[in-house]
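Please find one structure pasted underneath; my questions will follow.
So that you can tell them apart, the chains are marked A, B, C, D, E, F, G and H in the order they are listed, and the count of residues begins at 1 in each.
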Amino acid sequence: MDIDAILNSVAQGLMSPKEARKLIGELSIADLGHTKIDLERGARTGFAEVVFCQGKTPQQIEDIFSEFQARGLDALGTRISEEAASRLRLRFPNAVFDKISRTAVLRSKQNKEKRGLIAIVSAGTSDMPVAEEARICAEFFGSNCQCFYDCGVAGLHRLTSNIDKIRKARVVIAVAGMEGALASVVAGLVGVPVIAVPTSVGYGASFGGLCALLSMVNSCANGVSVVNIDNGFGAAYIASMINLSDSKK
Amino acid sequence: MDIDAILNSVAQGLMSPKEARKLIGELSIADLGHTKIDLERGARTGFAEVVFCQGKTPQQIEDIFSEFQARGLDALGTRISEEAASRLRLRFPNAVFDKISRTAVLRSKQNKEKRGLIAIVSAGTSDMPVAEEARICAEFFGSNCQCFYDCGVAGLHRLTSNIDKIRKARVVIAVAGMEGALASVVAGLVGVPVIAVPTSVGYGASFGGLCALLSMVNSCANGVSVVNIDNGFGAAYIASMINLSDSKK
Amino acid sequence: MDIDAILNSVAQGLMSPKEARKLIGELSIADLGHTKIDLERGARTGFAEVVFCQGKTPQQIEDIFSEFQARGLDALGTRISEEAASRLRLRFPNAVFDKISRTAVLRSKQNKEKRGLIAIVSAGTSDMPVAEEARICAEFFGSNCQCFYDCGVAGLHRLTSNIDKIRKARVVIAVAGMEGALASVVAGLVGVPVIAVPTSVGYGASFGGLCALLSMVNSCANGVSVVNIDNGFGAAYIASMINLSDSKK
Amino acid sequence: MDIDAILNSVAQGLMSPKEARKLIGELSIADLGHTKIDLERGARTGFAEVVFCQGKTPQQIEDIFSEFQARGLDALGTRISEEAASRLRLRFPNAVFDKISRTAVLRSKQNKEKRGLIAIVSAGTSDMPVAEEARICAEFFGSNCQCFYDCGVAGLHRLTSNIDKIRKARVVIAVAGMEGALASVVAGLVGVPVIAVPTSVGYGASFGGLCALLSMVNSCANGVSVVNIDNGFGAAYIASMINLSDSKK
Amino acid sequence: MDIDAILNSVAQGLMSPKEARKLIGELSIADLGHTKIDLERGARTGFAEVVFCQGKTPQQIEDIFSEFQARGLDALGTRISEEAASRLRLRFPNAVFDKISRTAVLRSKQNKEKRGLIAIVSAGTSDMPVAEEARICAEFFGSNCQCFYDCGVAGLHRLTSNIDKIRKARVVIAVAGMEGALASVVAGLVGVPVIAVPTSVGYGASFGGLCALLSMVNSCANGVSVVNIDNGFGAAYIASMINLSDSKK
Amino acid sequence: MDIDAILNSVAQGLMSPKEARKLIGELSIADLGHTKIDLERGARTGFAEVVFCQGKTPQQIEDIFSEFQARGLDALGTRISEEAASRLRLRFPNAVFDKISRTAVLRSKQNKEKRGLIAIVSAGTSDMPVAEEARICAEFFGSNCQCFYDCGVAGLHRLTSNIDKIRKARVVIAVAGMEGALASVVAGLVGVPVIAVPTSVGYGASFGGLCALLSMVNSCANGVSVVNIDNGFGAAYIASMINLSDSKK
Amino acid sequence: MDIDAILNSVAQGLMSPKEARKLIGELSIADLGHTKIDLERGARTGFAEVVFCQGKTPQQIEDIFSEFQARGLDALGTRISEEAASRLRLRFPNAVFDKISRTAVLRSKQNKEKRGLIAIVSAGTSDMPVAEEARICAEFFGSNCQCFYDCGVAGLHRLTSNIDKIRKARVVIAVAGMEGALASVVAGLVGVPVIAVPTSVGYGASFGGLCALLSMVNSCANGVSVVNIDNGFGAAYIASMINLSDSKK
Amino acid sequence: MDIDAILNSVAQGLMSPKEARKLIGELSIADLGHTKIDLERGARTGFAEVVFCQGKTPQQIEDIFSEFQARGLDALGTRISEEAASRLRLRFPNAVFDKISRTAVLRSKQNKEKRGLIAIVSAGTSDMPVAEEARICAEFFGSNCQCFYDCGVAGLHRLTSNIDKIRKARVVIAVAGMEGALASVVAGLVGVPVIAVPTSVGYGASFGGLCALLSMVNSCANGVSVVNIDNGFGAAYIASMINLSDSKK
């Protein structure tokens, strides 16, 4: 029952103004005790809510997955600890876990057909966990992905030799730590949006990804925007929004 | 003459390998002395190069505008000083200057028809110069824009009363200084990508926009990515890429 | 017409649901073109909106003051430049300007009777502009104020000799730059809330007030909370909320 | 025996000036060896001293609790380690421990009747430990509390659907990590003081709560002041001061 | 009349407890309106108060100098602007101004005989204003000074060739910007306390003296302690305390 | 087959343009699955690729070493964990491990004769791991090295007594934590390039090497350039480039 | 044999210039392999070298202590790990270990008579390890010490009730974490140099002692200078230099 | 007269030990009053001292240039203000001024023949002042230079089309602001040392060159070391050391 339905009920005398006021407030919230699941936004955006598991107890995570399953919704958890993963495995034998990216996917429905193409380019081997989180999330949202790993700018040909394939994507996710130069170089070579993900890979004056973050924000190339350090999920989310949008709007 | 044409010429004996090598190198550079204009990238991306005028002398800016005009290309300059603007006005009487955003547009061709819709939402009156830079650039690239100014989160109804209109856009540009909370709130209310632009508006612990930048990067909402502080142009560029993309790719 | 009135109108058939929806949105916004004035919040909080003039043009400020005057509302502007003050003086001869705090007050109504007591304690002579902004704003909101200036902790007796008077207040505003130790010392001596205002007074490693801000946030004393650097207005606002609250709620 | 009594004794010849001088110094300090307990301030402020246990040994904490018990005072300890909690449990079987907030309460007296109302609003599930520390401390000080958890701004209706209840409070504690936007949004919706508590929840560029702290300090909303990162106790202290104050002063 | 005298008066019935209480509070404060002059501390420490003129108006500075003169006290002002200096010159023709260090000295009494020896060592020509402020202040406090300028560590022999003279001092003030290495090297070569003064001399990553400050705080040499950036006065103060102390205490 | 050979093949009709295009892309990349090994750069620079093992799994490291061995290339790994070292020891009994510097060298070929001279100067005992990493890498690249450890500037003679030997080198590597003054002092005493390596040695305000890094970047001495914190390898690389260069170019 | 003796030997023909040159270089260095012990500086300054054990292996520490013992010198080690302490205990049964301050003292000679007085004032119980390190080091250097712990400014009377005793000292060491206000307050109350030691005690925005460090550097009180965070030893060193100096120089 | 000559004189009885001691100290210092000119280092390093004019008065600069001229030495001044340049022009009509780089060269001797080759690559037009400072200094030191300006990585072909020419250099200076990615990309393409110069070009989160500095320090490419922000001179100095070194040493 959405806001229009409620107002119509009031107009038709089927609902008192007081009831209406209460319903408008409760419209879109499903309260799980420790966590409120946002149902309306899921419907509105076409993207199911993904569960950020860091800082939640295994019990809380299990509750949330159960709630999703009970409602017939697909569930994706990110940053799952070993301990939480063990627990989920027992409870949801059908869930698919990925160790590198620390994600879990529990499908209630058939996989949607994937559409479009996101290119995921990363600088070094150590950036793989973040890049893989981006890939798994983007695929969960229904995007095709193609990955180009270990393409850091210190060996430019590793990137340029793949550039024609990368140019086929509707959007690129560029994943890099250290000095984060990959985003600028990629954006200079393609004609589509580049979502840059700084990673905490590096040491010394990389300051846990701060250097890469600043680097990407200051990119001299056009068409770059940036998400948080190590935020593969966030990059996948906005990249999928771009990749899956159609031009009729 | 692109790389395929060159290789074909070599194959047909029309060009020596040595000539080919040289041509591949020079393929896309037009050297203006102080500045190299990137012609290939313009063709590749569909976006003409915009001139960032800060740090360039009035003479250099005039040279670049002249070059663009001579080649029949549209020119857009951002961050033009008063001094440079005065000079350009004399030389290019047809150019259109905007004082708030400090931009200049010189059309060689008819305006392209604008397509799609970008919503530009800003937090306060003082954010207007950045928001207007975004609008003028986005329109220059061929995007329709609708602006919602002074919609900061401290008076939430100023934003929520416009939310239905904002939801019609294919992408939103959220412009805010101080604590930059606007990006998170907007992204929670719409289902399209939000390009967040932190501004240097504020004082004290806003540290010239750093607070807003961090805030936007750490957004708890999905679908947000961030460009540099006060970078209205950068937001317009990637937003237009998203807005103008078609779904056939 | 508030939301309850609107819903009642719908229930009584005096208003269509569609009209209702529109009215709910527009309920509380008065749009001045460049600025939206938040009327509902004023009514809700009992505090008229104060105009932060930094970053606004003299014309915009004059427009806002005119709007307030036209509606019979009192107006208070902070951080007014010399240029804007000159302009306002011509237009509003009854307005009261204060040079040290850079504020302007334009009364449409009789002064309200002032209530309660706020003690404003500052560390040094150079903190006076911020302390005076706090005083003028707090008095504008209807609070009695008593000021204790140049009471920095390096000469503790300057503070302790006044402590009995300070203890009479319902809330204390502590204003200090440099190392900002005043807030901790005052809070250790009184039994009421201390609103700490770091100032940008200092040099070298004071980093424009950052040192004082951190100091106050890390205060070892209980009952301290902190507003932005140089934000005398903000301290006055929350201090007045506390001072003017009654205990019936 | 307070300072006035001492001076009177001197005037009446009952005490020598030398004795008086010594007594004035020792007036309010009870020295436990490793820790000095401040008795006068407790009497002065109406708030018993709370023990910050981080950085103290289990033995020291036990000593302090014993001292409180011996004097018939209530004791509240915050940030108690597992190890210290185990020790206290053996010694004080009546003490109440809370695992989430890591607090311990040892009542010597009957609970006071609670008064007023503090609303505690938090952004996400992971902010609960800080929010619960605030709740337990505020209740210890004699305030009624009502909690609204997982109300982050990315799903605004989770907050707005509760806003009428929140508005019933005399003061609001807003607890949020990441970009900390909650404080601004809440303050824009209520007419009472908002004590903002940044938390260290987040990752990457949240820098252990620095982003949330800056965000809250730069809040564009009125009526916000800020305590240290994760300082639930500090927020409870000042909020209780506000909540419990009466308007007769 | 000090605290002991007051207490004695009470004991002798010459003063009421109430009067005593008031006198204790007012004991040491002379209130100039905008500034409180601390008389007791001057007597206690043997160092007259120095006026930090930055952030004070020329009028306020003149008032303070007049007050000092009226009481027969010597006055020293630091960080005097050109404007304030011009004003003081008219009013106090006997005052001595120093342009490099931006100080003014107004003697009411004969110069005290100078004692001991402070060596002031600076790294480069640009550090001279800070070093000279230190020298003038230290001489004002009664210390002999010897200066060794332009002795930066990049040309070590400029320092080592003077080391025997420097070793004659009771305390060394080391003044350096950029990487501030001078303090460590000097402290390794002498056997007396080194007061390190970082300066804002430098550019780029010197961050206004932050690099030198950190460097000096992290000194690997023993016997170094540090004052604020550009704080020549502060160094002179503590260095004079050390230089002028006698060993009888 | 390099690019000239490919173009010649096309000219001679031995290769189609399409094949040529593909080959140009693949020219220099050997893809190991998780890692791409850059063969062309090795040939181009004369320096074999060194494996930065931090953030790679033992399996990945073993794969890379195997690949190097299979191709008859020497392998050097840095920042090898205990776990990875144990694994490599089993697989490559001929490899040489160094515990202090956490490096492993696996020679496929005879050691090259070493040339030139690099002086490695370090400030304290705790800087040894970084200094030793530099030494082992530089020797791997074919440079002679001489080490001067524990020569911090607080005891200047420890450095100056060795200065004649240090001056014999073609390039100096200066390794220091804390305030990092060593680089400036050394550079002032020698006439060759100084590559400065800040280390994370220190505590408190050394901020993990940031102080030393800033110090070295701000060096007042000529001839200093800086690599990342703790980056002994990086210093060895560029120092060897300088040391091994001949003057014929 | 010092430099004068060497030059005389040359003048008398007892030594060749070449030998002289070598001896001048080696004059003051005793090389232990991994560590160089600075003998001349000890003689020059009257302070034996203290061993900073953090970052040294137990073996290295044992070597250094043995060397000191063999030469009949007293040894003091700071920041000794549990592991190293266990080892030293076996080897040097006469050494005295202190667990709180993590120090070890090995006397070869009779204790010197202690002179003068240093007052050590600390803010809270958690600052004790740093304060105790200062005390033990200062006593090792021959200074009398008196400690005043848990005297934080939030309960000012804890400090003021001891102020007469503190004023008896020739120099004060003020130890505080969090906002570090103690240094300013103490310095305002005494007339001797205050050596301020920021500690890493605190949480959230204390940033590991940075807040206290900045606070102390920005102190509004005169006579304060600052050493590194948690550097109790460094404070003791310079304080002892001041305390033990005599005024004959 | 160097140290060996002095010692020989002593041995031959031509000089007393006392005289010798004095001479050793004064050996290499020529004191100009405000500035000490380091003569020995010039001789030792083969590089004349360059005058950093920022922070020096025109008079001081003129004095230094005169001193150089009087001694028949070439003089190079950097960061010369307009005011100082005007003054020097009058006094030294033969001096050559460069407006972009703000340098002045005064030749006393014939130009030395230039040797070797330094490639100077810069990212954008606005980096030219720094790049030109590097060029002029390097040529002053006797190096041949070739410049490649406006080769930022956003248009990679601008760089790659010149790479063969760049590879001819013995050392490369890479000059870039914003995200500073140029250094990494260049270093990946050449086999010689790359001296990276971050510039303050940029805005917002470039923080005056800090982003570029961090980026270059964290470079994923081998063979990069870094000088201070905008330090074209410093890069030229060390690059010339490398370029001019011969391999006989």
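The working rule: a contact is a pair of C-beta atoms (placed from the backbone, for glycine too) under 8 Å apart; a residue touches a chain by one contact, two chains touch by 3 or more.
Everything numeric here is computed off the predicted structure, so don't read it as measured data.
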Path length in the contact graph (subunit C to subunit H, fewest steps): 2
Neighbouring chains shared between subunit B and subunit G, ordered by label: C, D, F, H
Equivalent interface to C-G, taken from A-D, B-D or C-D so that over half of the residue contact pairs match: B-D
Copy-to-copy rotation for subunit A and subunit D - C-alpha atoms, rounded to a multiple of 5°: 90
Distance-maximising chain from subunit H - centres being C-alpha averages: D
Euclidean distance of C-alpha centroids - subunit A vs subunit C, Å: 41
Chain centre separation in whole Å, for subunit H relative to subunit E (CA means): 38
Subunit A-subunit H separation of Cα centroids, rounded to whole Å: 49
Residue list for subunit E, restricted to those that touch at least two other chains: 41, 124, 154-155, 160, 188, 204-206, 210, 213, 217-219, 222, 228-229
Set of all touching chain pairs, with the criterion as stated earlier: A-B, A-C, A-D, A-F, A-H, B-C, B-D, B-F, B-H, C-D, C-E, C-G, D-E, D-G, E-F, E-G, E-H, F-G, F-H, G-H
Touch list for subunit C against partner subunit G, complex: 123-124, 152-156, 160, 178-181, 184-185, 187-189, 202, 204-207, 210-212, 214-222
Residues of subunit G defined as touching subunit F within the complex: 24-29, 34-36, 38, 40-41, 54-56, 60, 198, 200, 208-210, 213, 228-231
Sites on subunit C touched by subunit D in the complex: 41, 44-47, 50, 116-117, 168, 170, 188, 191-193, 195, 213, 217-219, 222-229, 234-235, 237-238, 241-242, 245-247, 249
Residues of subunit C touching subunit A in the complex: 3-4, 7-8, 10-11, 13, 16-17, 20-21
Sites on subunit G touched by subunit D in the complex: 124-126, 128, 149-151, 154-155, 157-158, 160-162, 201, 203-206
